[in-house]
Each structure stands twice: as structure tokens, then as C-alpha cells.
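Right after this note come the structures.
In the two complexes below, chain A is the common chain; its partner is chain B in one and chain C in the other.
Presenting the complex of A and B:
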């Protein structure tokens, strides 16, 4: 028995060693391709600390919290931009939810019998959600010009893809009895969806939409990086122009907003899901 | 599709209405609330469009432009820069891999400290959790910008950005894994004379390690996506080429790059799903 134990242990050891060796080789290869070696790493990691130190200093060298008025001098402008950002996120979520809502019934296996239609809907949703939204935003900025419009459209497309898939999964998990009842009573496809599927899935849909809104607020905050509106524009400018105190102020505002939105939507979602049960 | 059920139901409609008044005449309260909610949502959307200065002219002309771009995208072509692109793609993968590993290494102590069953002090626990949340609340792209201006352009900044963004997520996930670990193996090790270190090595680690490993793999997968875009702000990888080709309106190359990214992401998804399956032995829901 001892021998068997020793054998089992050594086999596992060998596997772990093999895994570790592969890991090391991968690390070495990646470090080579991305031109990061330990010397560079330690030489440059210090400047990160420096940078964060400077983020917390005003132009006159004082710590930022010694003069809040000076730190948040642009609060009026920033809150307007932040408001824009929230609206971009809202519109993107709203329009995207409508799109995802319409497509999810087509992509659901239990409601759409046509294979071709389902396949097309699924591939379309996949394409929408795999391309990062900032790439869409870059392309749309060229097509539609600078401003909030390309940002909204980019977020919308990504939301259609993400929500369409989640919604379709919800729809596939519904209780089929009402659907059968509606079909038996001669309901058309739209009537079946409206009276048999919709009442079952609506609370879940609303909850996912809220969750998506939360994610989209984060997404909308960076849309300005490529000229697609919102607070990102000011953030990118102050980072590029080395206005350190502004950077930390805007970051704090964004983080605080994201946290508040998280809390609010979480509350709402718990109530929604609670109401459904 | 008119079954016999429909005919008999229609024939007895008056009787049905009498017997089930609530179904035919639902109380108005919820209905009014629903309508108000929909009207409110649509109204807010219209106000938002007005505030953000949407105009049909711009949407129309933009769509026309977009259609034109789409025409130019077929057929996708690399325009003789394939080796550049492949190099950048390799760099992207390297950034995702190294960044995730760095985040995991740094997050391990944070995760241990943030676990309720390790650090029982509630104030400390709250403080660590909130700081992890703060780190998590900042988007990868923002981190990329910050690190580009802190350490200069290039993949190093990208790696740090990925690491910073994931540090918060890993800290939270690791601490949850530790909190969810079963106490019995630990008690067993202690009862048979093991020290505290033994308890961690033989009691906690075997339970927690596979979970962590699978989460790290999942994040390498999702970071491949993030790493493709951080190049847009100059933090290395294929995003740099993508942004450049979009700015210079080389649409066939843009299409080629996007396809390249999609294929790579799909391949990495496939490999990592396989590996995760092999490590954990069952499907684990991806962390939200």
C-alpha cells in the first residue's frame, strides 16, 4: 500500500512539476514578446509610486485634501459631463434592451422553430457582443462625427448582443405549459409571446437591464477617450496634459458615481426579483 | 390554428367571464403602474436624445457613411502588414497573460486578508473590501491611460493596467473562495497534530487552489479581450494598429484586424474552457 501511495504521489508531483515548467516557459516567452524583463520591471515600477504621489498633490505642491475647493475646481463642468455620461449609458441600455428584447424570442430554442432564423439571430448577437464597444465607438466616431451619438450607438450594439443572449437563456428556461395553452387556444406567435412567455420573463429582463445599465455606466465613462462623449473626454485630457489633481478628482467622481449606481440598482434588482417570487 | 378548444371557449365566453372576473377585468393598479413606468422610460429616453443633441440628419448621413465603410471592408485584407499584425497579436496575448498572473500574485495576500474567516476584525474587513471595490470600479482603459503616462507607452503599461484592473476582482474572488472553504479538513489536520502552516497547506490550499486556478484562467480569457483594446490609448498590442487603421480609413485592414481578434478570442475561449474543465472536473459558472 505504501508503494501504491508513493507512486500516486510521485505521479501527481510529476504532473504539478510539468505544469509549473510549462507556466515558466510561457512566462519567459511572454516576457520576451512584451519586452518586459525583471530589470525593466523594477526600474520602472518606482515611477508608478511617484505618479500616484503626484496624483494627490495640487499644483502648488500641497496635498489635495488641504484645499477641496481648488481640488474640485471644475465640479460644475464635470458634473455636467457626468450627467451626459449617465444619459449615454441610459440611452445605450434602453435602446439596446429593446433590440435584445426583440431578438431574444427569435434566438430562443423553444419559441422559434425555424433553425435558419435562430442561427442567424444567434450569430448576429454574438458578433454584437464580441467586438469590444470601444472599437465600435472608434468606427462610429469616424462615421457620425464627434459627440455622444457614436457613444450611445456603440453601447447600444454591445448591449443588444449581451442582453439578447441573456434574455434568450431566460426565455429558454420558462415553464412551457402557458405556451402550450396559448397555442392550443389558437394564439398567433406574437400572442403566444405576449401572453405566455412575457409575464414569466419580465422581472428577470428588468433585472438584467438594470445590471447592464450598471456595466454601461462604466463603459460610457471611457467613451470620451475616443471622442464619443461624456466625462472620459476631460479625463483623457487631464491625464495627457499632466494635470494631476484634476485626474484624481475626476477619477474620484467617477468611482463615487459608479458605486452609488451599483448600490441603487442592486436594491432595485432585489426588489424586482423578490416581487417575481 | 383553430382548435376545438377555441370554439368551445368562445361559445362559453359569457360564462367564463362570469366565473373568472379577475382575469378578464384585472385590477387597474398594476396596469397603471406598468404604463407609467413605460411612459417614464420612453420620456426619459426622448429627453436624453434631446439633451445629447441627436438629429435625424446626423444619424442619416452617418448611416450612409457606415454603409460605405462596410462596402470597403469586403474583402478584408492585411495590406502586406501581416507579420506586424501577428507580432502585435502575440504581444496582446503576452500582456493578457502576464497581467493576469501579476494580478493573481498580488491579489493572493489581499484575498487572504479580505476573507472573513481569516481576519475577523470587521472594520479591517470592511476597509479592505471597499478598497478592492474601488480598484475594481476603475475601467481597464482608464488604468491603461494612467500607466501610459506613469511608465511611458508600450506593453509594460498595458500589463500593469490589466494587473491593476484585475487585482480588485481577484482579491474579491479569492477571499470568497477562502470563505467558502470547508472547515472540516482544517480541523482534521489540526486534530492529527498539524501546525497552523500545515492546516493552510493541507487543509485550505487543496480546496481553494483549483477554484483560484480556474478563475485565473477565466480572467486570462477575458483579458485577451481587454488587451486587444488597450492599445488604443498606447498601451501596446493589436489595439494600436486597429486605432491607426481606423483613423487612416483603411477599412479592409480594419475588417481583417477585427476578424483576427475574434478568431483569437474564440480560440483562447475554447482552450481555457477545456483547461478549466480539466482542472475543476466540472463546469463552473463564470464569475459575473
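Presenting the complex of A and C:
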């Protein structure tokens, strides 16, 4: 018996070793094809430190915290732009959530019996979330010109795709007994969704929408890189023009804002999920 | 009058319901009896079209309900209300809204989605709850109720559908003995007071004998008994229930038989 056990253990160990070996080979192969060179990494790592060092110096060579007024000279302008960024994220999340909400029930296997309809809804959602926001933003900037509108549209479309899928998964996990009860009472599909499915999924939907809002604030912060509104425009300009102190100031403001939103939404989400139980 | 003509249902290779022909209606209280998995539930669900028959027809007042589609199918479902073992209420909605869901077939989708119930509908729903002595809990969430209360809410929902027929699928199987009485009495009240035909799947023979005025026995998907309860002898009951016979036959007549004999007879 001891021998059989030892054999089983060594067989398992051999499988783990084999798996680890394969993993290492794959890492080496992918590093080679994508030209990730450790030698370059270690040779240049110092310049990253240099860059951070310069980020924390004012134009006169002093450390940034020695003169906060000089460091955050553009606070008023940046706050306005950050507020724009938040609005872009908010509107994009809101409109995207509505789109995802409308499509998630069609994409859910337990509610939509028609394979064709479900297939169409799912592929559409996939298309929406596969293309990165920044690419949509670039396209819309060409179509609608510079400003916040392309940013909102880009975030909205990506959000439709991301939330539609998450929502559909929530819908697929509901208790089907109430759905059966409504159907058996002669309710139409829309009525069944409204009364039997919606009350079960609403807290989770709200929770996912808040999570998405936080993600979208980060997404909206770089929309300005391609001229689609918000703080990103100033950030990318500061980076390109080597205004080091401005870069660090703007990054700090963005990080602080995202942290605050993260804390607030997390509290709300815990409440919502608590209510769902 | 509801007529089943050679209705069958196949799940994979298993024939759950095998060419059953029956007639229901006329305000009776019909009990459908048989062991678990005999096909009782499938039979009831086919009448409401929650399950599609593989073969055969179901006619209601001459209309083939197995051929109905869309709005006509929904109207038919409203006319043959269903009661479920698990109550199938929406736990997060209040009791009155759950009852009002029985009106969904008669209100427009736009009004329903916005929950713009008419005063008449609300009065009807409250009156239905009052019938079973639970109008005082109309504002409570359905999930906060006991099983017996939930099933009475479900019966109130069925009642506001103004159905010709109520199909009850094991309505008391998840209830304790006291609530079993309360719920069966509520069904009897619907039957006697409003003249609505009730077809009720029951596992317990005692309840079937007490409440029903006609019994339909099903074994292995086939109709094996259809008569008044008095005609159901112990030997037929044993044939119906097989090994489960001793669990369901608690009447004195069965008591003298030792368990071993009953098993052998099955």
C-alpha cells in the first residue's frame, strides 16, 4: 500500500514538473518572439529612476514639495478638465449600462429561446467590447471632431459590450421558478422579464455598473490622448513637452480621484450586494 | 370541458407520459395520484403548455390548445392557472404585486412594466387575499412569508387570473401537516365557492381521498385508474404506488399488513 501511494505521489510530481517545464519553455519562446530582452531591461532600468527623479523636480531644480503653489500651478484648469473626465465616464457608463441592460436579456440562454436572436445579441456585445475604447475614440474624433462627444461614445460602446456580457451572466444565474410562475399565468416575455427576472438581478446590475464607472474613469483619463476630451489632453502634452512637474501633478490628481471613487463605489457595492442576499 | 386525446411526452428515450386520454372539467375536484416520477407533473405542465406534448391533442371547448401560439397561447395559460410545489412567487416583490401578476395577461405591457395597476385590479387582488385571510400581509415581501402563506398567495394569484381551471402540481409537498390542511382547504374553497375546476397532483392518498371527488391514477406514464375515490381499493393503490405504498397508505385497512408483505405484494 505504501508503495502504491508513493507511486501515485511520484506520478503526480512528474506531471507537475512536466507542466512547469512546458510553462518555462513557453515563457522563453514568447519573450524571444516579442523581443523582451532582459539585458536591455537591466541596462536601462536606471533611466526609469531618472525619469521619476525628474518628475519630482520643479523647473528650477528644487523638489516639487518645496513649493506646492508652483507644483500645482494649474490646479483650477486641471480640476475643470478632471471634472470633464468624470462626466465623460459617467455619461458613457450610464448610456452603456442602458444598452447592456436592453441586450442582456436577449443574450441570456434561460430567457431567450431563439438561438438566432441570442447569437446575434452575443456577437454584437463581443464586437462592442473587443475593440479598445481608445480605437473607438480615434474613429469618432475623425467623425465628430475634437471634444468630449467622441469620448462619451467610445466609452459607451465599450461599456455596452462589457456590461451586456456581465449582466447576461447574472440573468443566467437567476432562480427560474418565478419565471415559470409568470409564464404559466400568461405573462408576455417583456412582462416576465420585468416581474420575474428584474427584481432578482437589479442589485447586481447596479453593483456592476458602479464597478464599471470606476474602470471608465481611468479609461476617460486617457481619452484626451487622442483628442476625445478630458484631462488626458493636458497629460499627454506635458509628457511630450517634458513639463515633468506638471506630469507628476496631473498623475497625482488622477490617482487621488480614482482612489476616492474606488472607496465610495466599494462601500455602495457592498451595501447593494448585502441587499441582494 | 377539457379533453386529452392520446397525449404523450418523451424525454430522450424515456416516455414520461404514454398516450393518456382523459376528460376534465365541469367544476370538479380531480386528484391525480401515482408514485414520484409517474408522469403526473408532466401531464399537468402539458395542459398549461409549460411542456410541449410529443404526440396527441388537448382540446378545450373544442379548441386545440396544443396548436395555440403567441397571444392566444398566453390567453390560454391565463385560463388554466397553475399552482406549483415551490410556489414560484417573486420573493423580492411584495405580496400584492405577486397576486397582481395574475392580471398580467389582461393589462397592456406598457402599463404593466410601469406597474400602473388599475384600482379595479388592486381591489380584486386584495379581495382574493382576503378570501384566504391574508390581506393584512399585502405589503410584505413574498420571501418573508411561511410556506403556507406563500402557497395561499399563489392561489390568490391563480384566482385573479379568473381561470376556468386550476392545475395544482403537488401544492402541499413542501408544507408541514398544518399548512397542508390550510392550503388544501383554500383549494377546496376555490373549487366550491367559485366553481372553478381543480386538477391537483397529490402524493398522499389520504388527502386525495378526503378532498377529491374523482381520482386519476397514473403509473409509468399510463392511465391505470379513473373513478370516484371510493372505488380505489388497497390492491389498486399498491399497484399504483409499488414500493412506496406503505408511505402513502396510512388508512387503518393497511395497518394490519406487516411491511414485508406489502413489499412482496408490490
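Here, the second predicted complex is superposed on the first by the 234 of 277 C-alpha atoms of A that agree within 3 Å, B and C clash if a C-alpha of one lies under 4 Å from a C-alpha of the other, contacts with A are read in each partner's own complex, and residues count from 1 in each chain.
Keep in mind that, in the parts below, a residue touches a chain if its C-beta (ideal position, glycine included) is under 8 Å from a C-beta of that chain, and two chains touch if they have at least 3 such contacts.
Keep in mind the model is a prediction, meaning the values are calculated, not measured.
Novice: Looking at the overlay on chain A, is there a clash between chain B and chain C, or do the two fit?
Specialist: The answer is clash.
Novice: Thinking of the overlay built on chain A, is A:268 touched by chain B (first), by chain C (second), by both, or by neither?
Specialist: neither
Novice: If you count the residues of chain A that each partner touches, which comes out higher, chain B or chain C?
Specialist: The larger set of chain A residues in touch belongs to B.
Novice: Figure out whether A:84 sits in contact with chain B (first) or chain C (second), or with both, or with neither.
Specialist: first
Novice: Contact-wise, after the overlay, does A:177 reach chain B, chain C, both or neither (first, second, both, neither)?
Specialist: second
Novice: On the A-aligned overlay, A:186 touches which partner chain: chain B = first, chain C = second, or both, or neither?
Specialist: In the superposition, A:186 contacts both chain B and chain C.
Novice: On the A-aligned overlay, A:221 touches which partner chain: chain B = first, chain C = second, or both, or neither?
Specialist: Only chain B is touched by A:221; chain C is not.
Novice: Looking at the overlay, does A:132 come into contact with chain B only (first), chain C only (second), both, or neither?
Specialist: After superposing on A, A:132 lies in contact with chain B but is clear of chain C.
Novice: So which bit of chain B gets in the way of chain C here: 8-16, 62-70, 170-178 or 278-286?
Specialist: Answer for the clashing stretch of chain B: 8-16.
Novice: Both chain B and chain C touch chain A; at which residues?
Specialist: Overlap of chain B and chain C footprints on chain A: residues 183-186.
Novice: Would you pull the chain A residues touching chain B in the complex into a rising list?
Specialist: Residues 26-27, 29-31, 33-36, 40-41, 44-45, 47-48, 50-52, 84, 87-88, 90-91, 94-95, 130-132, 134-135, 138-140, 142-145, 147-150, 152, 183-186, 218-219, 221-222, 225-226, 229, 235-236, 239-240, 242, 247, 251, 254-255, 258-259 of chain A touch chain B in their complex.
Novice: Show me the residue ranges of chain B that touch chain A in the complex, using the header's touch definition.
Specialist: 1-3, 5-6, 9, 41, 44-45, 48-49, 51-54, 58-59, 62-63, 65-66, 69, 87, 90-91, 93-95, 97-98, 101, 133-134, 137-139, 141-142, 145-147, 149-152, 154-156, 158-160, 225-226, 228-229, 232-233, 236, 242-243, 246-247, 249, 254, 258, 261-262, 265
Novice: Which part of chain A faces chain C closely enough to touch in the complex?
Specialist: 175, 177-178, 180-188, 190-191, 194-196, 199-200
Novice: Which part of chain C faces chain A closely enough to touch in the complex?
Specialist: Checking each residue of chain C against chain A gives 48, 50, 74-79, 81-82, 84, 86-93, 97, 101-102, 104-105, 109, 112-113, 154, 157-158, 161.
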